[in-house]
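Some structures to go through are shown next.
Shared chain: subunit A. Partners: subunit B in the first complex, subunit C in the second.
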Partner chain A sequence: MQRELINRARELLADGTVDRVLGWQAGQFAYDITPAVFTDAGELEAHFVYNEFCADNLSKYLIKESEKEGKVLAFLKPCDTYSFNQLVTEHRIRREHVYVIGVESYGKADVEKLRARGISGITGVETVSGMLKVHTMYGDESVPLNEVMLDRCLTCKSKKHVVYDELIGEDGDVVADSGRFDMVEKLERMTAKERFSFWQGELSRCIRCNACRNVCPACTCENCVFDNPGSGLQNRAARDNFEEKLFHIIRAYHVAGRCTDCGECSRVCPEHIPLHLLNRKFIKDFNELYGPFQAGEVSGQMSPMCAYTETADPEASVVRKGGAE
Partner chain B sequence: MLYRISCTEMDALFAALSETKTVYLPADREDGQASFVKWTEGTALSNRLNTVRSAKDFFFPQIQPLARFRREGQKIEITDLREESEDFVIFGARACDVRSFEILDRVFLADPVDTSYQTRREHAAIVTMACARPEETCFCTAFDIDPAKPADGDVRAYIADGYCYLEPLTEKGETLLAGAGECLEESDGAAVEAEAGRIRAILEKLPLASLKPADNREKELDVFNSPKWEEMASHCLGCGACTFVCPTCQCFDINDFDSGHGIERYRCWDSCMYHDFTLMASGTPRLTQKERFRQRFMHKLVYYPIRYDGVFSCVGCGRCLRKCPINMNIVKVMKELTGVRPAGAGEEA
Partner chain C sequence: MSVMEKTAAARQAEWKPKIIAFCCNWCSYGGADLAGTNRLSYPANVKIIRVPCSCRVNPMFILRAFQKGADGVIVCGCHPGDCHYSTGNYHARRRMTMLFSMLSFLGVESARTRVEWVSAAEGARFKAVMDSFVEDITRLGPNERLEDLRCKEN
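After this line comes the complex of A and B, so read on.
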């Protein structure tokens, strides 16, 4: 796969279709991949990588990249294409400045899950027919990839690329039975007290590093209210328990209807807080209140939050009450 | 003097220490990571290499109330919210984290002394645990830290052969262990020497074993003006994950919070990676992420050494290697600045 990607990128650079390539760059230990822009064949050959740890959603980088002159080639996994469409819809990406190649992805591995299993001193990783062969300083370990995938991949909503100029590899389908709302349903069944205690436990670990916000393709404000001294909400750190929740809940509200459920927030959280559950709750509510809706599925589509109709819109606060008694 | 206690009896040791002091230790969490927690009966010492957050939190907490202001009519009432610390024990910090205290001391204990930091430092007793299982992200040896035989802290500790070995390094450490009472027995040094030897053999095989920071004190402007910063910073998200898990990052901000019933002034960690870091009336001196990114690494690898006699402001704990969302980190910067770029996966797969 990696070879095909490099070859195609070289061709498109050579024939002038694009003048740079947005992809993934190899790190020091097989898993520490960094997004990068490549401008020539030499760089691609030396540093470009596509493997089971290339999890970064490159769509957000295209906001800046597509502002530039020329055309950039971007490799997008199925989930990344939803973010791409959404950002095009929001006029944040200049579509005509991007050449999209959809790349197949059967799920990315989570190095934190390898570590949680006690696998440490990782020096290299190979994938052989669904198994991760992990080389470590303390011996080799074999782990089925599907046991150490990122949570978001375990509940993958779609293996279909919703936008591309060309595809490398197979296009998949929307996954009907992803089970991605199972945990949300479990939370809904809790009493208010249980649910409060669940979120208290999770969010109390927050260190307000803003990694979730800064990686989020839906968070594209030039100056976030939480950074803006003029907003009255500026804060560098949660001063008390309430503020910890305030930040994450406000963020979830702000991206509601725009969040494609790409799962980057939870992937990058240093404290392993399942932030995506807040967003999934909104997505599930949207589906139930306004009919099935997937942000980013179609370029230019209106979010239910922006498509108010006086007759058809239910008033969420009066139609139902959440949670177990 | 060397003491030991069976690993199955650790609770008795913590209970004895807790009679006079609060004991904090790294404990396993459900998500497979570890955090420092206050010991209560049954809290087990984690075997994880390091905690998510560093041990600097004990002396330099993320958030710290300073004062409260309340206005009544023409009068303003000011309450000092700083508190005197009580005696406490940090049990099982790693050598990297414990070295970071020295780096913070040079800043916070220099004139004018940071009294909040000082009271916490004075009341802490530190037990430094040797690293039985160093990992690929470790590079503390680059900064002359010895995780096989930790030199810093009040007590040095090892876990080997089912025992926890404890060796006091300071008077405070001797007093601490004397307070542990009956549960410790004296031991000879054979097991500890063997363990240190075993660890040293692992250290030699670490992937980052040969990493050495360059002394760039004479080349401050050359490094500052290096064209490589542009590329290195180009995909930085501008979050503060590296800064907040870093044991040596020491920048803070002071904010006022309007509670509706008065103003609370507090200080909290700041990050040079943030776009409003050192924002002032005239704007920010670091206009793009390149300048912010450069600031972080210049501080650790050039400015701090210039200010403090060649000492680097990094202890090689590897937290930033694990936690950066895009896997950019100080090791990649050190290698890039010296012209070594990580090899690509070029021809694989």
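After this line comes the complex of A and C, so read on.
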């Protein structure tokens, strides 16, 4: 796969279709993947990687890249294409400046799950007939990919590329039974008190590193409320448990109706806070109260936060329908 | 009963909820005014904050109200179809529904938040709404799940 991608990128650079290539390269370690821009064949050959560690959603980088002159080639996984569409909808990506190649992905590996199996000294990774082959300094190890996948990939909502100029590999389908709302439902069935202590335990670990916000392709404001010195919450850890909640409610609320459920926020959180549950609660509520909606499914959709109806919308008291706890 | 316990119990008995009511200028604030001129007394622990329209209420306002010591927060606007700016209350309805649902998901008691539509002609309704909201909050007791301890009086 990586070879095919490099070859195609070289062709498109050579024939002038694109001027730059947005892809992935290894950081200090092989599993430390970072997005990168390549401008010639030499750089591609030397640094470009595409493997089971390439989890990073590249769409957010296209905001800056597509503002520049010329055309950029972007390789997008199925989940990244949803973010791409959403950003085009919000006029944050200049579509005509991007050449999109959809790349297949059957799930990305979680290095921590590999470590938990005692695999260390990782130097590379590839899929060989359904098994994840991990190259290490001590030899190769084979593990079933689905046992070491990122949590977000275990509840993947779609293997379909919703936008592309060309595809490399196969296009999949929307996954109807992803089970991604199961945990939200479980929480909904608890009492308010139980939910409160669940979230207290989760949110109090937040160190306000802002990684969740920085990685999020829906969080793209130039001036974020959390950077505003007047907000009283500028870039610092929470002082009490009110502030812990404030940050998380507002972060999730600001992306509600725009969050595509790409899972990047939970993936990057160093404290393993299940931020996706907050996002999915909003998604589930939108689906149930105002009809099915998937952000980024097509470009040009109106957010359910704005698409009110005069007579069909339930009153806010629906929130209390489960009992006024 | 020790002295300490007595004071705690006494404090509990004396406790009156603090309620913040965001009222839109064109309808609900008028409704509150009418309740006043008609000498319909609504609970004194309801503090009204006048906003131009119900959709002016940012989710941060609600959270800040709780932070600064509110035990319940209610948003009041014109009845659907009557908003002075035509559609503000339709936006407010969705936004507040989503916010309140999230608060409930985090374990904040869902009866602490409400949206009610009150017109400028409904002084009696304004009183009734506030009476029932205060009653709900009194039953729930002080807000402890969204409080900022530094903002407490004692």
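The rule is simple: the second predicted complex is superposed on the first by the 285 of 325 C-alpha atoms of A that agree within 3 Å, B and C clash if a C-alpha of one lies under 4 Å from a C-alpha of the other, contacts with A are read in each partner's own complex, and residues count from 1 in each chain.
We take it that a contact is a pair of C-beta atoms (placed from the backbone, for glycine too) under 8 Å apart; a residue touches a chain by one contact, two chains touch by 3 or more.
Predicted, not measured: the structure shown is a model, and the values here were computed from it.
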item	value
Touched partner set for A:Y253, first subunit B, second subunit C, both or neither	second
Partner chain in contact with A:K193 - subunit B first, subunit C second, else both or neither	second
First (subunit B), second (subunit C), both or neither touched by A:D227	first
Contacts of A:K281 with subunit B and subunit C, given as first, second, both or neither	second
First (subunit B), second (subunit C), both or neither touched by A:K245	second
Residues of subunit A at both interfaces, subunit B in one complex, subunit C in the other	239
Residues of subunit C touching subunit A in the complex	59-60, 63, 66-67, 80-81, 87, 90-91, 93-111, 113-115, 136, 145-150
In the complex with subunit C, residue positions of subunit A that touch it	184, 187-188, 192-200, 225, 239-240, 242-243, 245-246, 249-250, 252-253, 256, 278, 281-282, 285-286, 289-290, 304-306, 308-311, 313-320, 322, 324-325
Footprint of subunit B on subunit A - complex, ascending	1-3, 25-30, 32-37, 45-51, 56, 61, 112-113, 115-117, 120-123, 127, 136-138, 205, 207-211, 213-215, 223, 227, 229, 234-239, 264, 267-268, 270-272
Subunit B to subunit A touching residues, read off their complex	31-33, 35, 49, 52-53, 62-63, 133-137, 202, 205-208, 234-235, 237-241, 243-245, 253, 255, 257, 264, 266, 268-271, 274-276, 279, 321, 323, 325-329, 331-332, 341-349
